[in-house]
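Presented below is the structure to which this report refers.
Note that the chains are named A, B, C and D in the order they appear, and that numbering of residues resets to 1 at the start of each chain.
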Amino acid sequence: MDLFVQTIINGLILGAGYALVAVGLTVIFGTLHIVNFAHGAFFALGAYAVLMLQNLGLNYLVAVPFAVLAVATVGYLVEITIVRRALYDRGEYGSIIITFALAQAIVAATILIMGPDPLPVRSPFGQTAISLFGFFLSAQRVFIAATSVVVLAAFAWWLKYTVRGQQILAVSQNPKGALYSGINVPLIRSLSFVLGVAAAGLAGMLLAPLISAFPTMGDANVIVAFTVVILGGLGSISGAMLGALVIGLSNAFFETYVSVSWTSALGWVLVILVLLFWPQGLMGRTQINRH
Amino acid sequence: MTSTSSQALKLQGTGRAGSLGKGVLIVLAAGLILFVGLGLQSTFWLNLAAYTCGFALFALSVNIMLGGVGEVPLGQSMFFGIGAYAPAVMINNFGLPFEFGVLVGMVIAAAAATLIGGVTLRLTGAYFAIVSWGMSGVAMVTVHNIEFTGGALGLFGFSRLAVGPFDLSHPRTYFFVTSIILLLVLILLAHIRSSRFGHALESIRQSRHLAQSLGVNVFRERLKAFVLSAPIAALAGSLCLPFTQIVTPESMSVLRSVDALLAVLIGGTGLLYGPVIGSIIFTVVPQFLNFDANVKVLVFSLLIILIMMVAPGGLHQLIKAAGAALRCMSESRR
Amino acid sequence: MSALPNIVTATAVEKHYGGVAALKRVDIRIPEGSVYGLIGPNGAGKSTMFDILCGITKPTAGTVKVLGMDVAALPAHTVASKGVGRTFQRTAMFSESTVEENLLFASFSATRHNLFHRILRSRVWRADMDAFREKSADVLAICGLSEHRHQLASALPYGTQRRLAVALTLMTDPKIIFLDEPVAGMNETETADFIALMRRISVGRTIVIVEHDMAAIGALCDEVTVMVDGRAIVTDTPHNALKHPEVVRAYLGAEDE
Amino acid sequence: MRFKILATSVVAASALFCGIPAQAQEPVKFGVVIPLTGPTAGYGKDCRMAADMAVEEMNASGILGGRKIELMYEDEKGTPQDGVAAVQKAMQNGAKAIIAGMNSSITLAESAITKNKVLHVNPGAQADAITNQGSPYLFQINNTSTTNSTIFHKYLIEQMKPKTIAYMGENTEFNKAVLDNLKKMLESTDVKLVEVANFEGTTTDFTSIITRLKAANPEMIYVVDAYPARTAQIWKQIRQQGGFPMEAHATGTVQASAIRPAEGAMEGVVTGDIFIAEGAQGDMAAFIEKFRERNKEEPNKVSLVCYEAVKVIAGAMDKAGTDSDYDKIAETLRGNSWTTPRGTLTFDEKGRAKAPNFYIHVVKGDGVALRDTFNVN
């Protein structure tokens, strides 16, 4: 019986981690309608940013906020030079290719600068484990889950109750309409891109103590993020959170009770099943496109 | 994509000029094949040229969906993998000839496309792209775990890779076979573009609603395009086998589809032989950039970003724009 | 007029979007060969009714028969290929192609050749091509587009683009044509040209127009139905319908006695 | 057929014509095809440092009558078709020998190209299938996975004596060969394999897999993964769930690049390899010292086998007196024993190197400590 409860705990904690990775992706798609294949590269940038700050002597917890800032700046630079010029209001597959090439460029640059070998990222919670009524919880995972819940709640609140937040929702639904009602659309668009990238970076630096920092660390996590975002409904933040928990729990149960080698196919099978019945995903908006 | 697609859609047959232009193109292509096939002496370049033809075939199948219907087929590599695995399984597990394996691969790919298309083609845009990526992900895991597809190690050591009398392990023959097949498929696609089916696809790509209101069964035509593209991708997979010498689950990975997408977008989706130009650039150019591997990836990726920013219609659009610029410069000087 | 059989019969049609009732039990009878108008202030449900009549949108309740077909049950492309033509307000044409290519796309349901016919340049394919050349020449002539044949559709002036939209529907040999605000955004000369075109093509065909421009409605329509707030208030000649008290109140606000 | 005859005669004539006199000046080129980009770029880096060092030594010693050896590096990018393209390019640019082999699938594809055409030495890949193909010019420096596994599994079963084992490995050909070997060896013993988990390369978290293995509370856990970043992650997560009484990791895959990011989580894990820095004497100590001084990094098994590959090829070409008569070179390679940092190396009829001894390691600090030594032959 306690294996069952332990699996639920594993699934929930895993889901919280996935949510953080996925929300960045869904914000960018939701607001900018860009499929960001470079998400994994920014995820890795986050890990390397916190690593570099640690090498300068900063403690992990102090380094995280600064590292998020660093990744956000890189995101802003990319937005101005490439994304703003090439991607807005252009067909989706333009964004697929440019963001994929961007991901390759960032990974190659990381290998050139930081070398190909995995580098440890030390965190105060890195190694310790907590046991609660006999159930095991890795301290770092709990820290990730807690941060994820706090950050996502704050973000959802900010979207709902602040002017900027409302403007982001407006731009995501109808960029032209938002423009005519006086919203500074270019600013909102770069803000959304930077927020999405920063979320990816934050996820990277939180997971780095567990998986250590290496150039291609983003790839596997992005695949999961895509399944989560599609399951939850592209562009819906609450959908991303729900999708993350569903995939987290199903992965945990499938791996524990069914088979390990087919798990990575499970994510996709879930996505395909959901899309057959709810084409817009669990929480997504049905796209009513007036012709 | 851009105005280029209408030029490419010349009204063959109705005007004399149409078919004459095409005839010249075919002769030109045949000449190019002879020149490269006899001109190249080194086995490396002959094999690479043959592989480029195979890869171009795969890029053409991707462009049937991308340029033809306006969808991004990230999962097309699954059909490429089916085309690679079918002959390998036939030769190693059942001792059947390579040609039979290629045909079986194309049939299975077409059948799989009918099933999968029926499901995924109800979706569009990012949803279609990512779900078709998912399909190739599931296929890769399946092939990884099944015994008779050689599991993670894959299948290798093929006794005979030949099409009838033509032994594909001999580089020059390998090049002639793949390039001629590529030319035949190009001719087929040219006919498709100027047929009722091709016009229906073009009308759907430009505006689904308008096409539907003119009596086009949008879902059925898109499915026909998907089922047409699958065996071509499978044929490409089989033709790449003599080069790679081994079939592994990676042949179905999404990275293969993205390579083809890059080639198509560099060459230009509007032009029929755009993907062929893109494939040549994509496989041949990196051979000349011989500095550090990571620097090569960095340079090549930034180059792709630059091209896509300057000319979303691909290099083809750039060449046309340059041509137009030259023309108006010469006019202004007169 | 009313002796002819009805080509369109919509009975007790309702349409709800979530809680909002866009259409409340609307009945419409359109006699064959007539030029029929559907007018009413914004938000009256004209466009919704229009979409239901030509099979693009499915009603929540009620039945719609066009040319004897239960439009609600059939897929949109089948309805279109069986003689129901339609133009759209915004995407009127294939902007990346030339006028001739636009007509080629529109001839899809009229042509029959498959890929093998095309490759072998068989009789079937040549017959399709000859039929297309003939038909496209006629349609271009009727719509006054002959000299634009090889121009890019996106390069045409607005009025000409609207006429191209009509040409596209004509290629499918429609028995009934639905026009969605055809003269919206046109200047006087373009409107006059368009009305002349309508007169030319309405011979032997039924035409249904949704429009705001009362001059065009007056000039073209034999009969109009005025819709207000999701209900069909009156069906009469344009002249009488506009005098109907409820219509006047709906359009001009309460009459100050 | 006509083309074939024409082509070979032209090549033969030119070799004959410029064979002897040009021999002295023209450098001997070796094509080195290793992963320089992608997830296994680390192996490429380790191999390159050692190969460059070996060539510097060879050129200084005036081997091959003073002809300079030149290395041409090509990137196999971690996929079979890129590996094949790289090998063909090296052969095209005049490589007299090909050093290629880290991943078994890629090496198999490459060996099909080099078969009967050029000397091919596979430094790192271990799959038995590579040398089972019977290609006369193909040699393998690293032990096959069967040789290593047999010794290591014998040690685990007879020395550590676990009653139950739980197995966890990445779903690759390397893992399948090791698992099959383990199952075969367990048949004749009463040790039971209670749990087997083959995970996919795209797995991002191992908590639930380890929970499942813990639930079967085995005495020993045996992890098989050749990829450094994931190895570190797995052992950290095992440590967090309280670890297992006995812990072992696959042979030949535990280097500093995995131990360091594990931040001490691999302390005490038993593994093994054909190389160990600790307690090295004679040639091995010299090699390690020279490597540290030249490259400012610790050498590992990958650098050792690449170093040996270059030395063995140069030695064989020198002794056979030719750089293109591959029958003679292959015969020389099989007929003689070669002194390398590991002592003397001999090649069997399948081209497999027989290294004198195999070391059992235990992870200590940032490296591995020697626990036992087995004599292989």
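Points worth noting:
Convention: a contact is a pair of C-beta atoms (placed from the backbone, for glycine too) under 8 Å apart; a residue touches a chain by one contact, two chains touch by 3 or more.
Not measured: the values here are computed from a predicted model.
When the interfaces B-D and A-B are ranked by how many C-beta pairs touch across them, A-B comes first. Centroid distances built from C-alpha atoms place C farthest away from subunit D. Computed centre separation for the pair subunit B/subunit D is 37 angstrom, with centres defined by C-alpha atoms.
Inter-chain centre distance (subunit A to subunit B, centres taken as mean C-alpha positions): 32 Å. Remark: subunit A and subunit C have CA centroids separated by 48 Å (rounded to whole angstrom).
Subunit B and subunit C have Cα centroids lying 41 Å from one another. Each of the following residues of subunit A touches two or more other chains: 108, 111, 223, 261, 264, 291. Touching of two or more other chains is recorded for residues 1, 141, 144-145, 207, 209-210, 292, 294, 297 of subunit B.
Each of the following residues of subunit D touches two or more other chains: 37, 41, 171, 200.
Residues of subunit C touching subunit B in their complex: 54, 56, 75-78, 80-81, 85-86, 88, 91-98, 100-101, 104-106, 108-109, 111-115, 117-119, 121, 125, 128-129, 133, 152, 168-169, 171-172. Contacts from subunit A toward subunit B in the complex involve residues 29, 33, 35, 82, 85-86, 90-94, 96-98, 100-102, 104-105, 107-109, 111-112, 223, 226-227, 230, 234, 261-262, 264-265, 267-269, 271-272, 275-276, 279, 291. On the subunit B side of its complex with subunit C, the touching residues are 1-3, 5-6, 9, 11, 13-14, 188, 191-192, 194-197, 199-200, 202-203, 206-207, 209-218.
Touching subunit A in their complex are the following residues of subunit D: 37-39, 41-42, 44-45, 171, 197-205, 207-209, 211-212, 215, 228-230, 232-233, 236-237, 239-242, 257-258, 260-265. The residues of subunit A lying in touch with subunit D in their complex are 3, 6-7, 10-11, 13-14, 17, 108, 111, 115-120, 122, 126-129, 136, 138, 141, 210-212, 214-217, 219-221, 223-224, 251-253, 255-256, 260-261, 263-264.
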